[in-house]
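Across the two complexes that follow, chain A remains constant while its partner is chain B and subsequently chain C.
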Partner chain A sequence: MLLIGERINGMFKDIKEAILNKDPAAVEYWAKRQTEKGAHILDVNTGPTVSKEDQPAVMEWLVKAAQAASPLPCCLDSTNPDAIEAGLKVHKGRAMINSTSADQWKMDIYFPMAVKYNAMLIGLAMNEKGVPKSAADRAALAMELIVNADMHGLPMPDLFVDPLALPANVGQDHGPEVIEAIRQIKTLADPPPRTTMGLSNVSQRCAERHLLNRTYMVLCMAAGLDSAIVDVDDELLVDAAAAAEVLLNRDIYCDSFLKTFRQR
Partner chain B sequence: MAVTIAKERWTSKVNEMVIGVEPNVVKVGGDSTLPFLHFEGEMPNKPVVALEVWDMEPPDWPAVLTAPFAGVLGDPAAWAKKCVEYGAGLICLRLAATHPDNKDATPEEAAQSALKVAGAVDVPLIVIGSGVEEKDAAVMEKVGEALNGRKCLIGCATVNNYKTITASCMVNGHNIIASSPLDINLAKQLNILITEMNLAADRIAIDPLVGALGYGIEYAYSIMERSRLGALTGDKMLAMPVICFVGQEAWKSKEAKTEDNEEWGAQERRAILWEVVTATSFAQAGGSIFVLRHPESLKQFNTHIAEMMKPNNY
Partner chain C sequence: MLLIGERINGMFKDIKEAILNKDPAAVEYWAKRQTEKGAHILDVNTGPTVSKEDQPAVMEWLVKAAQAASPLPCCLDSTNPDAIEAGLKVHKGRAMINSTSADQWKMDIYFPMAVKYNAMLIGLAMNEKGVPKSAADRAALAMELIVNADMHGLPMPDLFVDPLALPANVGQDHGPEVIEAIRQIKTLADPPPRTTMGLSNVSQRCAERHLLNRTYMVLCMAAGLDSAIVDVDDELLVDAAAAAEVLLNRDIYCDSFLKTFRQR
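== the complex of A and B ==
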């Protein structure tokens, strides 16, 4: 289970201020902290306050600051392809692109970019029409992503399909559809693509957010979820991921399984 | 019609361990695929054989096994030289005399025996105790010290005595054998405990306590296979080369101990076959170091391995 730390995002107040003041301290702090807490990749997002023209430069600055404080690779999170490419150019190691939708014009930008920079790519199971309701419709869009990966020569395990989880208080009926979609996506190709999701989305504006996140992650892991963008500061969430890896026989049990999970 | 060869894409590999000092080092491990799948990944080092030498005359070895060592069984140094003549890549000195039921030799006496053997041969050394955990810890403390700097492989460390043996390896520059009784979870945990003492992971060899053909060979086989799959998919705490003490198991079997008879035929051929088939099976499961007893078994095993190491690139 690859955990992508969500915290370096301009939506959070301290990161937003760091960007505005060009002070990398908060970025470095969260890069270090998330590394210690068991993240495998650091999500990096400029946030909504940065103007489109400034996004490439801010992304570049964020990636450099994060990688100065942590050996982990980054997940470059933006809707602006120029910002993503600016991040890829300065990134050390194998980056992850977050994300393309299943719209052909977007896939024609991001798949060649992923191949060019030897990066992994998150593909959202949605298009201009929005987020599909059923598992089958999500799987159909996942298939578009898979075909494009094949067409552009992106190795299938480097494609991470995100079936898009919605908040439990808004789209409750999406919950089981997403789980079923994960199960289906894992059967669409051999080797299959990997799967991911923005986990905290499932608990937006809900009570007991940590509990909802943890529980949903484990349910999805059982269906084949390979990674998620998460709050690694939630120690019990990381524990639950480690336990689920063991119980799903993905990781060989040993008494120190909580510790070894964090060491990878 | 062209056949497409299915190839797995592994993300990790087995650690490479170096035993002995230049120019006589033996390297094991380093595999980035399942055994002998040369078309899929690298198998940079071939499986190696150590022949067993004891620090006392073995009381229960059958005549077909003592015959090749006639005249040297009471002298570990001469015995070790004989093994090298037979083609052993390493010597495995078993300090059986330290067992309280044998001679209860002291750690100091054991260290003397180890030094004699080390002085007699150029090949790298494996040194193991008598299997009494507490005594082995005391023995390996002294033996490790006596062999300082020779980069031996010493053991066998268990969950009960690993601390002293690990410390001896760290101070004196040796590699360690981590033993766990046919239990992959315990094997992994023991490796974690040893690395937590700051001994590098590439200085640990896993001893899964294999059984011989007909005596539970399949249990060890599947554990070795599973830990290799773990190693190849990134489990760092199972990415150690595996040592198989085949001789001690094969020569304990009824099939090896029963003398010539009409139904089963000649003992010598049968016993050697038992040892060789056990060893070659474990080579297929991913074993790297094979501790054998009979020189003819060593010859047959090496012939088999030479054939298996030929490239099979499709």
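== the complex of A and C ==
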């Protein structure tokens, strides 16, 4: 289970201020802290307050600051392809791109970019028509992502399909559809693409957010979830990921499996 | 998710002493406490120290003591059919029988007994050859239980198939097989049988027992687990069951879903 730490994002006040003041301290703090807490990749997002023209420079600065403080790769998170590419240019190791939708014009930008920079790519099971309701319609969009990966020569395990979880209080009927979509997506190619999700979405504006997040992660792992963008500061969530890996026989059991998981 | 409280069992010291001293206080305490904590059914087991001849009388006494203190039905748990029947004779409401294996001679005893007393019946996916390894072999034994339910006229939702979880430290490769077995079992009949499991088995002699128990329950719920015999005193486990019900869209989300689940 690849955990992508969500915390270096300009929507959080301390990161927003770090960006505005060009002070990398908060970025470095969260890069180090998330690394210690069990993250395998660091999501890096300029956030909503940076203007489109400034995004490439800010992304470059964020990636450099994060990688100065942590050996982990980054997941470059932006709707602006120029910002993504600016991050890729300075990134050390294999980056992840977050994300393309299943719209052809976007796939025509991001798949070649992923191949050019040897990066992994998150593909969302949505297009200009929105997020589909049923598992089958989500899987159909996943298939378009898979076809494009094949066409552009992106190795299938480097494509991470996100079936898009919705908040439990407004899209409750999507919950089991997303789980079933993951199960179907893992059967669409051999080797299959990997799967991921922005986990905190499922609990937005809900009560008991931490409980809902970790429970949904485990439900999705039963269906084949390989990765998620999460709050690794949530200790019970990381514990749940480690336990599920053992119980799904993807990690060997040992009495210290929690420690082992975090050290990897 | 039907939670069957595991605590009224002669393998626990206080219940063993209650039985030996004919003092119902501990039985009443756990009947009340498990009811408050969210149990829907109370497992009742004489435990290993009661001789075979004494089991029927002790089961009768346990059922009466439990039902004097709680409005919940009991799950009569014994390898001795005479003890089960003694419990059924004094039980108020619909009892559950725990359990038959898929051996024909046992099914010939327990299915007619369940029908005669209008009881639900747990059927184990094992026979004299032991517990099979693969999901398909577990499903094949489930099919024998289903055929017997049909033959004897037990309504399919009154059959609870237990695919038999093994401890993660000795039978780790069984973990995902059991999950897949549940998924297959739910497709074997329409309406399908229900599914259950003795959850604490999965963590026997393991570290982090509570974490493993609740994580495995959620993994199995994603595949269609309807019920489990659990420690309802484990608050995070009951929380996880409530959250999974919401996230699987089997319970309507409300901000107080934890309270609602426990009050039902």
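Brief remarks follow.
We take it that the second predicted complex is superposed on the first by the 264 of 264 C-alpha atoms of A that agree within 3 Å, B and C clash if a C-alpha of one lies under 4 Å from a C-alpha of the other, contacts with A are read in each partner's own complex, and residues count from 1 in each chain.
Operating definition for what follows: contacts are C-beta pairs under 8 Å (C-beta built on N, C-alpha and C of every residue); 3 or more make two chains touch, one makes a residue touch a chain.
What you see is a predicted model, and the numbers here were worked out from it, not measured in a lab.
When both complexes are superposed on chain A, chain B and chain C sit side by side without a clash. Contact with chain B, but none with chain C, is seen for A:Thr260 once the two complexes are overlaid on the shared chain. Residue contacts after overlaying the shared chain place A:Val90 against neither chain B nor chain C. Once the two complexes are overlaid on the shared chain, A:Ile252 sits against chain B and chain C alike. Here the apex is the CA centre of chain A, and the angle it makes with the centres of chain B and chain C after alignment on chain A is 70°, in steps of 10. Looking at the shared chain after the overlay, A:Val147 reaches neither chain B nor chain C.
Of the two partner chains placed by superposition, only chain C is touched by A:Asp173; chain B is not.
Set against each other, chain B and chain C differ in how many residues of chain A they touch, and the higher count belongs to C.
Here chain B and chain C sit at a least CA-CA distance of 7 Å once the structures share a frame through chain A.
Residue overlap on chain A between its contacts with chain B in one complex and with chain C in the other: 252-253, 255-256.
On the side of chain B, the complex with chain A involves touching residues 9, 184-186, 188-189, 192, 226-227, 230, 234-238. Chain A contributes residues 155, 157, 191, 251-256, 259-260, 263-264 to its touches with chain B in the complex.
Chain C contributes residues 168-169, 172-173, 175-176, 179, 202, 206-208, 211-212, 215-216, 218-223, 236, 239-240, 243-244, 246-249, 252-253, 255-258 to its touches with chain A in the complex.
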